[in-house]
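Alright, structures below, take your time with them.
In what comes next, chain A is part of two complexes: it sits with chain B in the first one and with chain C in the second one.
What follows is the complex of A and B.
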């Protein structure tokens, strides 16, 4: 779909950067209000314990401390989870009963059990130390398989077991598929606990007065959804509940999508104290509570024919959801979607997927970029690699044989994939790698005692989630929405209901609206984040920006053109309509006589400042709101990634020599921004797959509560990431654009693991577990040597 | 324990009686109100978002007490541009899309401000220079390009211009 939009495909500099480069960004911690106080949490130091006593008297006696509350003080607020804030998924679900603070019992290290409010954060730190808590430790369960055993300690005794969610997803005839197989690959894959962790931690600032109600500045990806749930929880009408994501937010990656207990506390305290209450999470709390994702075991079987055709798949998935006490996702929405996306870019007609989500004495899983699918993508692309090796087939050939070939495609489990081109993506990947030559180089290297390898992964990435999927899953809409509104100076405000925080909406939406209206991106300003001024929307999640929100902005801009044309025709004293004009260079230009033109600023002036000049009977104003819903149950981008590595077997260390990402952005709006999204996704994927891990010791103490222990990659840890475009425009968006970046990390673990295993072929190493630390690789090499 | 101190930030003197335990980063953010300097870790010095120039050197302001900077000059992100003209490193970041969420950007820019006074050119050297600041968004690829852009700009400066862009 060729686009007539002049600004589409232009790598212009971002509009949001000017303020961010000079220190003028406005992040949550930067906001200060008169009479503001600060809030902090006392958190459990045990993984599972009865609270036998809490004494806050010393803390509250400290000068500058305003109040301290415990679980008993907030019980009247009611349980956090409601129908609205619990996923509504097929399968058997149990719902943890909990309050903003834990009452009587704590279930993980970091569990909030008391809250203190003080005049400043130094006093607050002192006061938190003075809260005296007595515990009676209980038995703990940390291992998800142990959690399934009948005699395992229980997190929620009334459940009868530790199973939070169970779902069986069958399709086709898997038994027949396995009966016909020439080869069955059966393997257990373990993906560790890792995930988001943005550079800005969570935070909020709540302000209340009875006239205006509650205003909550919040680090959130979903201001409207949070407003909806907070209003429900606090029993406030929406008119009295306003959520504002500050102008800027230091990343989120999924972690700022749930509704958290701390937010409820800040709201309650602001109402109680009649003072603005601010909470800024510290990094230790953040590492204890958010960004803990993935964490799944897959017992995966593939039924494969001699020619490499995958006939069927069975997978028993066990997800460790931690304590399951965050609202909206409740720890199991991610593994559910991961299970639905397991077969992904492969066309596997017969499947039997059994998903069990258990609770353990760890922090609740939070969404993290590649929402639930990271572990499954690792497992399946590893299993395919093992099948290729067993059949002595090339890893590219087996993938091409089983990749989705015709579009639109509906997967065996019902995922709709609109468009893509795997053969084209593989061709570009192999060309970039000089693949045939690499194999020669590899053989020579082996002969010289060097271990070079290449690994591939392929898959589809969500490009927004439509209402058809989101409504039954989360009771929330998936549409994109934007209001395009001329101001009296002829500039255009685009109001969206999402909350971009690095994705570049201010630039890319400005580009498309400028293109639709014949203006320049400089003429467009994008506003967002405030539930009192932007349209109701699902939020910045699941690569919805370039797919849904941006498409709504395009439709809204287009909807203004007939009126603009009518005003122009009236001002030119001619009979003409939309089709007679083009909008270009800031003018409405009559196509049959280009000397006949009206400045668009003049049209806006008439519509807003000088409505007496409007055509008779025309309503004043020049604005439109559009809701975009794709006419399909799923849009996706189809991608191929490859890693090339050298392994040093004496130490298990390795170098990612090249990382090639061939990605499909449909029709990129700003290719530089798209590249940035892919770079970041790959970087997080490499960090998660190779370096990062949330580690709990045998007592459930979290050992990775500083950034020194939880190792987010630095500039020296990452390779240069090569990005190559292979775009197939979506037939379902007005410009063919697709969302990009959210799912990218899911491509990485299999690509790197496959490359490592490929390099070590002479040693016969098999990689089934993450993270891919040098220690793990070294141990695998040692084990392989011993076996010999 | 309180102490009266004076710190010059971006050429302006801030005099205040502060707790001895007040961190320099909190002095900058809360006393001077210069919120461009960010805090991304629990003052363990790893994230680097709080990096500022103190006495000509890039330092992590969360690892220093305000009283340690008494009488000294500090340059923060707010002091990099001159009027409306962006510093070469800021311009490089803008040109090459070296930032996404922008949270680590002030720390990176101040770290690279020091580096650019005597820049080295290989990717490895550029990556080494910035390794004290964590960026979670970009994968550093565009930042390396941004630094190269800035190096080219800085190397084309006259000695006088260079002095103006690197006062600290």
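What follows is the complex of A and C.
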């Protein structure tokens, strides 16, 4: 897999950063159109209630208010979910019936029930206050276990229960495995509600005229998929439906992948009012509606041999999906994938996983970086730790014993893992930690009343999702696509179908294309986001960038080389083909006589400005579109993380003294960009695992609707994150590159929890729940002391 | 997140003008200092003033100096200025520490000491610190009078303080600490820049032999307002501050100060944090007193 690409592996500065750092970023709220009006939502103040009356007369009477609609006014648009916008997963699925605004009944605090349009945001908020809603409160259900009880209040009475989705995933012979086990570890793990909260909230701007149709500027990770679904919902031909993701987006972390009710309303209103309609979510709405992820209970059992071999696993997973009224993921796609990825980097041949997803009177789960697997990763890597402790085995040894050893590997539940090297990753982790010495230091510390600990986690992270998986799951393709197109000045435009928002595509794609074509990254400009000008693709999700999209750009660039060589040969008046040239330093250079060279800009000029100089019969233009599909059902990155902590048992406070991340990026294109992704992922993981929690009170009121209550860490709260590369190139991508954006947060909770428990060994504390707040740790210490 | 319309906005340049405006607009008006508490409340529409009287153009309201045995801090002194002021760093490190602990740099650059005290958040950093220094507020009234009030009395409860509609806090006054005295402040929060779960301010005066003459301990982050740990303080009186005594003081403070449950922490955990933090802070104050 050795790469001849000169720009691969170079940590050049990101092309994106200049405009972002000097305030020249172009975000959705920066877009202003003539005659534009703004939209806002009236949201339920009850977790579950009948709407007995809505009166919008006072609101519409306010000068500057254009219209106010309630659920009854949008019912004719039809239910939000169609076959196309509902995951198509094995198992038993129920489909919530709902409209862009709730009709007659609200199911969580924040549920949109009326929409108001006004000339400006101040008038809008005045008007929202004037919409008079009368409620008749209903019984609520907030706890997923309570939701399963036959007498629990129901969110969807016609369902007969609160079960949204159920799936049983058996493999091998788990009963036999448990019968043969020397040790059975059985524990209940709980992961709280937490996830992503992008700096930029959601928003959109819809514009309509009957000639061109509808244009929607939208904060989205997947413009093409949104366009597809919006066209279907609004009954518009694709020629009349255009989605544009603005040049810049202040993060997404999964939250901008679903199709939301507010987006449908903005489109409808733009068509109805014949005015551009803008909606920008405020922070309270964002914290009430999106980024709520994780939220699972695992009752997990491991069947283990005396030597540490894990023979089998059983897990009863219960996921609290909230009201499940978000299109594309519907609250259960995440727990589903989490269940499929539960065994992860472990080679466990016999499994019995039972997943139940329930609805409750809370906001719908939305995707959050590490998509569905955060909770399961915590549960399994904790359980393995408990097994090691019971067997008095080293935590590294038990992991090495059970880690996937040979690649390619197909897990018991059918996940294909192409490449990786766990022993190598563990070796680097242990060396970085000076692990053997640490154990000595630890026992000395214990004797002196100090509590030091180390914890490990290991993981297999998605590196893009292939069509083979995505088509049956979400009715969407997994391929990566890019159009590489020379302009008449010899610069290259790369149009991709994804919509990067922090992943650095403008830099990394420029690097690889520059390398393939003998140019410099400055010569390459990457465009994205507009469904009317970029190729169709599934969007920026699941670590597809460096695996799929970038590979497509490489293939498209390579596909141009024969034509470039033919033009060069023609200009040099020689007989030569692609193999006779190298592309370097902005030139096509004849290998057998390097003095024979043609500037690449000249080749582009001939192809575009001066086609009369082309070889006879050759078509003008210099561009190619490639669709990359890996020849495997799954590519992955194999990683090992470790946290070293000191715990202060008086308060349960702790310090993450070191955080070591040994990550596999296959072949990093820009190692600095990779490190940035890992830093961000670890930061998010620490925030989610240790500090952040969406808290609802007993009435279903969310108590964490400002950033003063929902505690996202800043750099002051985070340890120095030590990143170490341990790359195993993927055999399935042209450069060996792997995706790195999605999975990292999933590595964190077990690493930190294992470290805390390790430090507190003398006190005999067992950690089974997140978040790892100092108060929780202190309470566990108190409980352990009382037991003594 | 957009405030209700404001009818009048004034930017007076001296105190007399502020007082006249207060008299004219009284209950409809709000004084705007750093805006770090008022603006969020207005954006959430929890405050809907018709009139804003912006204090930021008022001259000489941010002076920091010692005068007649007292430290004067102008009402408009920003958190960042208090945190970095050489006199405060030298003689009132407890106050500088409190200011340094507030929010983030942007908030510290805008927020003012009077704004914080008037806002009276029970988890704010200044109130316990200023109480531990026996601080007072000087309040000017529209009728031309002034009054001086102990911060203890000024703080009435959560987000409630004893300020009239026609009144302006002009400065904070703190007695210059005696020789062999010192103070310290510590805050425990969930993330940097967050309000306190609990905080502790302590001021200790020693005699030349190192025996504690006087101690003041104040705990923040408790309802309805910061509480003085009187028993803990009296335990220290006349004694040398050794580890056992400090632990006893922590124990006493945890017993006497009332704690409650909220989103940040349970009452029991708050008690534990008080138990642990009081000895740390008193020890540090004692060390400073002895320097």
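Following the convention adopted for this analysis, the second predicted complex is superposed on the first by the 788 of 788 C-alpha atoms of A that agree within 3 Å, B and C clash if a C-alpha of one lies under 4 Å from a C-alpha of the other, contacts with A are read in each partner's own complex, and residues count from 1 in each chain.
We adopt the following convention: contacts are C-beta pairs under 8 Å (C-beta built on N, C-alpha and C of every residue); 3 or more make two chains touch, one makes a residue touch a chain.
No experiment lies behind these values; they were computed from the predicted model shown.
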| item | value |
| --- | --- |
| First (chain B), second (chain C), both or neither touched by A:787 | neither |
| Touched partner set for A:199, first chain B, second chain C, both or neither | first |
| Touching partner for A:501 - first (chain B), second (chain C), both, neither | first |
| Chain touching more of chain A, residue-wise (chain B, chain C) | B |
| First (chain B), second (chain C), both or neither touched by A:573 | neither |
| Which superposed partner A:76 touches (first chain B, second chain C, both, neither) | neither |
| Contacts of A:25 with chain B and chain C, given as first, second, both or neither | first |
| Which superposed partner A:679 touches (first chain B, second chain C, both, neither) | first |
| Which of chain B and chain C A:651 touches, first, second, both or neither | second |
| Which of chain B and chain C A:14 touches, first, second, both or neither | first |
| Common ground on chain A, meaning residues reached by chain C in one complex and by chain B in the other | 122, 282-284, 708, 712-714, 716 |
| Residues of chain C defined as touching chain A within the complex | 1-5, 44-45, 104, 188, 190-195, 263, 265-266, 269, 272-273, 276 |
| Residues of chain A that touch chain B when the two form their complex | 11, 13-14, 16-18, 20-27, 29-30, 122, 197-201, 248-251, 253, 282-284, 501-504, 672-673, 675-676, 679-684, 706-708, 712-716, 718, 720-721 |
| Chain A to chain C touching residues, read off their complex | 121-122, 124-126, 129, 282-284, 650-651, 653, 691, 695, 703-704, 708-709, 711-714, 716-717, 773, 775, 778-779 |
| Chain A-touching residues of chain B, taken from the complex the two chains share | 19, 21-22, 29, 34-42, 44, 46-47, 49, 76-78, 80-81, 86, 90, 93-95, 97, 99-106, 109, 123, 126-128, 130-132, 134-144 |
